[in-house]
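Think of it as A, B, C, D and E in the order they're written, each chain with its own count starting at 1.
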Amino acid sequence: MTSEPLSLPAAAEPTAYSRLMRRVLGQKAFVIGIGIVAAIVLIALLAPVLAPHDPYLQNLSARNVPPFWYAKGSWVHPLGTDQLGRDYLSRVIYGARISLLIGISVVIISGLIGTTLGLAAGYFGGKVDMLVTFLVTTRLSMPVILVALAVVAMIGGSLWIVILVLGFLKWDRFAVVMRSATQQVRSLDYVAAAEAAGASTTRIVLGEVLPNIAPHLIVVATLEAASAILLEAALSFLGLGVQPPLPSWGLMISEAKAYMFFSFWLIAIPGTALALLIFAINLAGDGLRDIIAPEGRS
Amino acid sequence: GKSDNSVVMAYDQAPESVDPFFNNVRIGVIIGQHVWDTLIYRDPITNDYKGQLAKSWKWVDDRTLEVELRQGIKFHNGEEFDADDVVYTLNFVSKPENKVTTQQNVSWIEKAEKLDKYKVRITTKKVFPAAIEYLAGPVVIHPNEYYEKVGPAGQNDKPVGSGPYKVTEYVPGKSIVLETNPDYFADSPKPKPTIGKVEIRFIPDRQTQMAEAISGGVDFIMHVPKDQAEQLEAAPHLQVVSGETMRIVFMQMNSQEGTPAPALKDERVRKAIIHAIDRETMVKEIVGKGSRVINTICFPSQFGCTDHGAPKYPYDPEKAKALLAEAGFPNGLELDIVAYRERNQTEAIIGYLQAVGIKANLRFLQYAAMREQIRGNKAMLTHQTWGSFSVNDVSASTPVYFAMGDDDISRDPEVRDALNKGDNSVDPAVRNASYKEALTRIAEKAYAVPLYSLPVYYVATADLDFRAYPDEMPRFWEMTWKK
Amino acid sequence: MANSSDIVLEVDGLSVDIRTAGGTLHAVRDISFSVKRGETLCLVGESGCGKSMTSLAIMDLLPKAATKTARRLAFAGEDLSRAGKGRINALRGNSMSMIFQEPMTALNPAYTIGNQLVEAYCLHKKASEVEARERAVFLLGKVGIANAAERLGQYPHQLSGGLRQRVMIAMALMCGPELLIADEPTTALDVTIQAQILRLLADLQRELGIAMVLITHDLGIVARIADRVAVMYAGQIVEEGPTASLFNAPRHPYTQGLIACIPVPGRTEPGGRLGVIPGVVPSLVGEVRGCSFRDRCTKAQQACLDAPPVRETADGHRWRCILENAA
Amino acid sequence: MTALIEAHDLTRSFEVSRGMFKGKRTLHAVNGISLDIRQGEVLAIVGESGCGKSTLARMLLGLLPPSAGAITLEGQDIRSLGRKGMARRVQPVFQDPYSSLNPRRTIASIVALPLEVHGIGTAAERRKMTIEMLDKVGLPQRFADRYPRELSGGQRQRVAIARALVMKPEVVVCDEPTSALDVSVQSQILNLLMDLRRELNLTYVFISHNLAVVEHIATRVAVMYLGRVVELAETAALFKAPRHPYTKALLASVLTPEPGLGIPDTGLGIAFPDPLNPPSGCPFHPRCPERLPQCASVVPQILRDETGAVACHLHGQGPAPH
Amino acid sequence: MIGYILKRLGLALLVALAVSAIAFFLLRMSGDVAIAIAGEGARQEDIELVRRTYGLDRPLVVQYVEWLWNTLRGDFGTSIYFKTDVATLVFAKLPTTLLLGVLSLGFALLVSIPLGVLAAVYANSWIDRLALAIAVVGQALPNFFFALILVMLFSITLRWLPVSGSKTWANFIMPTIALGYYVAPAFMRLIRAGMIEVLSADYIRTARAKGLPTRKVIFKHALRNAVVPVVALTAVQLGFLLGGSVVIETIFALDGLGYLAYQSITFKDFPVMQVIVLMLSVLYVLLTLAADIANAWLDPRIRVA
């Protein structure tokens, strides 16, 4: 006899989705981080709608107008104008596009390279692993900023060159993390089971291994995106990054630093925007790491 | 500061070598003129030539110059100055294998010979009237015994000259300390210094320099951008001095065979570009005091430089758009622009071009890389500056870019012929006429965009009494403290 | 009942709650038992039924997320729930000690076993290092480790699992405890080693007159070593009694099912069907009312929705069920 | 009964590094094992942790190439069968039900994977076969679209069994399929395995260290010690009259739930063998209570007879036949 | 042990070789050194002359092999810009950079170890969150921006510290903070994560079960194990600091390797660039080797038996 009221809630856990959501929402840091990132992405997407002026429209007779909260400021240019009289708010808004574009593109390039190398090293081991480890060591032993500076200095800075250079330099963490994650997954029985089922190596790598290391991939990707954005800013700061008049935040900081002692807002505004974006991405990445961490254990 | 009778100057770039023949940066020239002397001295105000190490000189023929030397001058190490020093120095630096950095400063020298202890003969390779100008500028005289012994490397380690200041401490890449030469000869056109000690620190970052100036860490900085200089003026303990220099700013437009921007072959496009740029406003708002708009590609004070009769292209964006439409670009066009300094000015130019529909992509490069682009016929627009080595003659400016040399990217034989005629004549009238012809044709054809001359801004502690010269040379030997 | 002064550990109404993302997990629910000097009590039950939480609660080693409540938790007559941190530290490792399940990870890899052995002795007995080492050598010999003096300088990774577990035992005995709690001390070991270690433990316990709580999920071990057995299910003790009585006449349906699951040579027919307990363990999150075994119980009734009564026989065999005997 | 799978002198060694500063050493995980697996039997392999059971299993599955020796399936070298060919005939069930199921796949897709790999049927047909298989192992259809983490250990092990059987293999290699499970679940799985064997006429290689389970389920038992098979016999014979001292000790160590018997004294030494440094001669001699003088130096040959095989100096001398 | 070290040194050599080749070809392929050497205003014939006198007209591979051969002999070539021996130049600047690197590392460790331990011991409390906030903000603030703010605050407003130069120890305070603050978060996270993991380890429970006081459990049993990965990170970060001091050295006019690197990049001073890159890579590999040895010393499981 198994009448209804006799049954008890089973120990089996709630559905993956609701559990994940609970863990996600439990991670306040993640929620805040992803919220800010989403807002910045939205701003970037809606830039033409949100920006009050053309970010490239210069007016040399209205240069370095302070933001509205200064006595000399006005609401025509809520955040004032820059050294060529361009609307600062519009430039900051358009700058989000550049930073995000850089972050995302660099991560795509370096992620592809690094993940491929890491997967190969972790899955095949042996000589392949040795080769990849050697490549990673070689790559790590060359300071990114120096190499990036040198290369950009030689071929001349531009958005795509910066993206390509950083993309080809920043794959190391992907490779390292993917390698160890792959090694870990590779030794699990479900990979052996797939092998025993006759699945091809490609199928195993793409169907069994990759989905299970994807969370690590996402975490690395977020953190690397943040670091790529910062690196671009550093390159631009040294005058070897994105080229004017593109409104990159790093470039804006670089141009504004000339005015920092007397018109602090010029550097503080893009500096804050940049720091906020990096802060939010890191927060989200951290949160993500914590969210996926228990899953890895089990 | 005034209290210890010393000046700390900051400069953004370290010279590769203190030996003036082995660097090509402004700070190198500055140090060179303080530590060494030249045979001849050009008065920066009157532009008259005076004897310095030379007592007198005269052209024996078109290619031979005889120089009578001053007696009783000693180098910092006690070595006596005589004809041997001059002969050794000139013969050493003019040999290509000795790899003097800026070859054109010395490549005109065929040889130098000692006539007697205080007399030398200098032979030029071809007719070279500008020799006096060079002898009054970059060609300093080294002490031969010392130089022979230690070579350029030793001269960089422990520099020895005969100038008003001697080097007492030098850490390459970091700082150099100059102190008054107590034995400096009294007859020199450079007066005996008042400022006892000049320390030059190499601070690469302009903001750091500014911060040092504000916090009193340094007393003297130069090449301060206009906006910053104006801001620093507000600080009570600082003063700002500015003046025009001979450096002109212009844009080349690649219209030669095989140009990557065929649109630039169309005169209307080139004219549109000139019309698009509001030079007056640029000068007023971002270039600064001491600058003026130029209409031809030369510095106005240079011999032969004129804009009479040359067409002028006032700021007129509507006309620019109309010209572009006429040339078949109603929707504008996209061009690359290479540049290597004054990035904010390039940016403003880009902004003006953008306003008439020309999207200019900036490629900001090191000078060498830019030059490579130009010479490789890969550049479209170039944002150039040219200082003529402070030589006050058109032969030092316009021909460099229009006489079909390596850097000529319009390559008009008519212009070349006119320029060559001017360069190779000794008759001032012929020269004036030829240069005018060339400059007018350049302007008519709109081969280049003449922009403006560059000013130089100095920011210094308010106590210091000094003036700015067009050759961008601070002269510490003549500076004094305000009462 | 025996003389109350013989009771080393007394647990009355112990509950352990763990805060989890999904709500409060009632890992241990109102359990009571006591252990006398020289007695071995086995806590047996399936994975997750709260055995470890019980032992950790006694030792005050619960994870941060867990809280315990008890009507009484007394060691040698002293109420631990009222004792301060200092007092607990003075007792722990001194008169009550513990052996953990994983001999591979329970020793600090960074220190020699000598260092780890003497640590507690020096602390609690205010003994010198030399004295402590002497005692360590003595005890290592006792747990069957040859050339013990040399072993003191070795690091845990240099020892095999069986040796490490012996070191753990020696470590627990260093200060001469009155109570020894062993949480699955042999699960990680091979059968032959397991037999050796258990034998050693049983001998030492008898020899030193220690009160021992042995936690395991292996009914075979329980049957061979325990004086008394407490069977746990879903955080509760569902049946408790003297070993023989419990194995020979299990009263609770869960205990009965458990015993029937195990193939016993001679009793179960080779290749034949084994007894089963259908279904799975209930979730311990939230309030569990009534008998927690009811949905796996073939004899469940409407009455099981209420808390089942505790029944007891004369020999101290107790169980929680509405039925007198489920068999 | 005919031999379905035959292993000839199988050896597998690993190069293991023992920490950064030490060189690599060769570890002989499996050291010259010859076995036959007969059609329809349940061959149990028992032995202590690290003795090479899993390594042997992986070689039998074709997942790990032997360093030496060969495996034949009905006389054909399994290397010539290829991964897919092997997959149709031999399938595994692993010990850990947590790591043997891909957490990112649904139960149905896990079970259907072999069908997909071999391109059997349309998606709908595969789905049908999967549901049938799940039903056969006692999992209702509603589990099909759940993820492994929503299942209990026993349920997961059922999924693993379903995956192994969906291709209708002849041999199933079970590597400690119940050792991670509670006893109440273990009996369910054991019953299931026995039912399926009867129903589908399967051959099992059953790896375990639980002798009670082995005695219950196996028809033949191979006892391994440090990479070698030391004794092989029919189950009943082995449990009744073990011949190798290690087998005897193993049997003595079994703790059945019979109160009052106390803890047996196995009489074994405590020197646990280091597989990187195997003892000379008979690998068991340092712990053996019946050690003979030659045990320390001479590796005992395997002696095969009608009851099975044994490798011990106490039982016959001289080279084994063949 | 010796064998291991030899093997690692061999690896270092291989890495150095690879790096030198990459650096050489990368640097040479995209720019004409001759023009850089000839300088502003040089004519084509001057450039040709330079090309010939410096041997830049030969195939790249030949130039590389020659460079490699000279390097192996200890002749690192002559700086194109400074005209002096590269080795002298580089080694003259190395101490400043090393000092800055070590100081920043020390600062980072000083900040991050206590913070990391606290954050782990009080995981999920406000202390943990505060530490996390400090870390995340530290990583989000571009170090050049942070450096400028420091200058604003301490030199301009408060006038406590000199802006630039390397004359006195006071010159090193701001660069140390600016550089160290940027790497501290990585250490803090690592220590926090390591401590949290270690604190939940079985042997910590063992230690507590022995009745050891909390302080001893944390500092003797936990930290010792949590600190092992920090050593490896320290090596990596020191490498990073040496390479990453470009911006900071430029801002604070510290005459170190970073600024020299920046200069040689802008002046296309290939010989100097190559040696700096090569030296940093060798340094990196050696540092990781040192870290491994230190790890082995800390972790007996790796140590020689």
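Please note the rule applied: a residue touches a chain if its C-beta (ideal position, glycine included) is under 8 Å from a C-beta of that chain, and two chains touch if they have at least 3 such contacts.
Heads up on the chains, UniProt names are A = Peptide ABC transporter permease; C, D = ABC transporter ATP-binding protein; E = Peptide/nickel transport system permease protein.
Model, not experiment: these values are computed from the prediction.
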item: Graph distance between subunit A and subunit E, where chains that touch are linked; value: 1
item: Chains touching both subunit A and subunit C, listed by label; value: D, E
item: Interface with more contacting C-beta pairs, comparing A-D to C-D; value: C-D
item: Chain of greatest Cα-centre distance to subunit D; value: B
item: Per Cα centroids, the chain farthest from subunit C; value: B
item: Distance from the mean Cα position of subunit D to that of subunit C, given in whole angstrom; value: 32
item: Distance from the mean Cα position of subunit D to that of subunit B, given in whole angstrom; value: 87
item: Between subunit E and subunit C, distance of the C-alpha-averaged centres to the nearest whole Å; value: 52
item: Geometric centre distance via CA averages, subunit B-subunit A, whole Å; value: 45
item: Residues of subunit A engaged with two or more neighbouring chains; value: 10-14, 153-154, 257, 260-261
item: Residues within subunit B bordering two or more other chains; value: 207, 211, 214, 366, 369
item: Two or more partner chains touched - positions in subunit D; value: 152, 155
item: For the subunit A and subunit D complex, residues of the former touching the latter; value: 10-16, 188-190, 192-200, 203, 208, 211-212, 295, 298
item: For the subunit E and subunit A complex, residues of the former touching the latter; value: 11, 14-15, 18-19, 22-23, 26-27, 30-31, 132, 136-137, 139-145, 148, 152, 156, 236, 239-240, 242-244, 246-247, 250, 261-262, 265-266, 268, 273, 276-277, 280-282, 284-285, 288
item: Interface residues, subunit E side, partner subunit B - complex; value: 31-32, 35-36, 38-44, 46, 49-50, 53, 79, 81-84, 89, 92-93, 148, 151-152, 155-156, 159, 162-166, 250-253, 255, 259-260, 262-263, 266-268
item: Contact footprint of subunit A on subunit D as seen in their complex; value: 58, 61-63, 83-88, 90-92, 94-96, 98-105, 110, 113-114, 117-118, 146-147, 149-152, 155, 160, 163, 167
item: Sites on subunit C touched by subunit D in the complex; value: 46-47, 144-145, 160-163, 190-196, 198-199, 202, 217-225, 243-244, 247-248, 257-265, 268, 270-278, 280-281
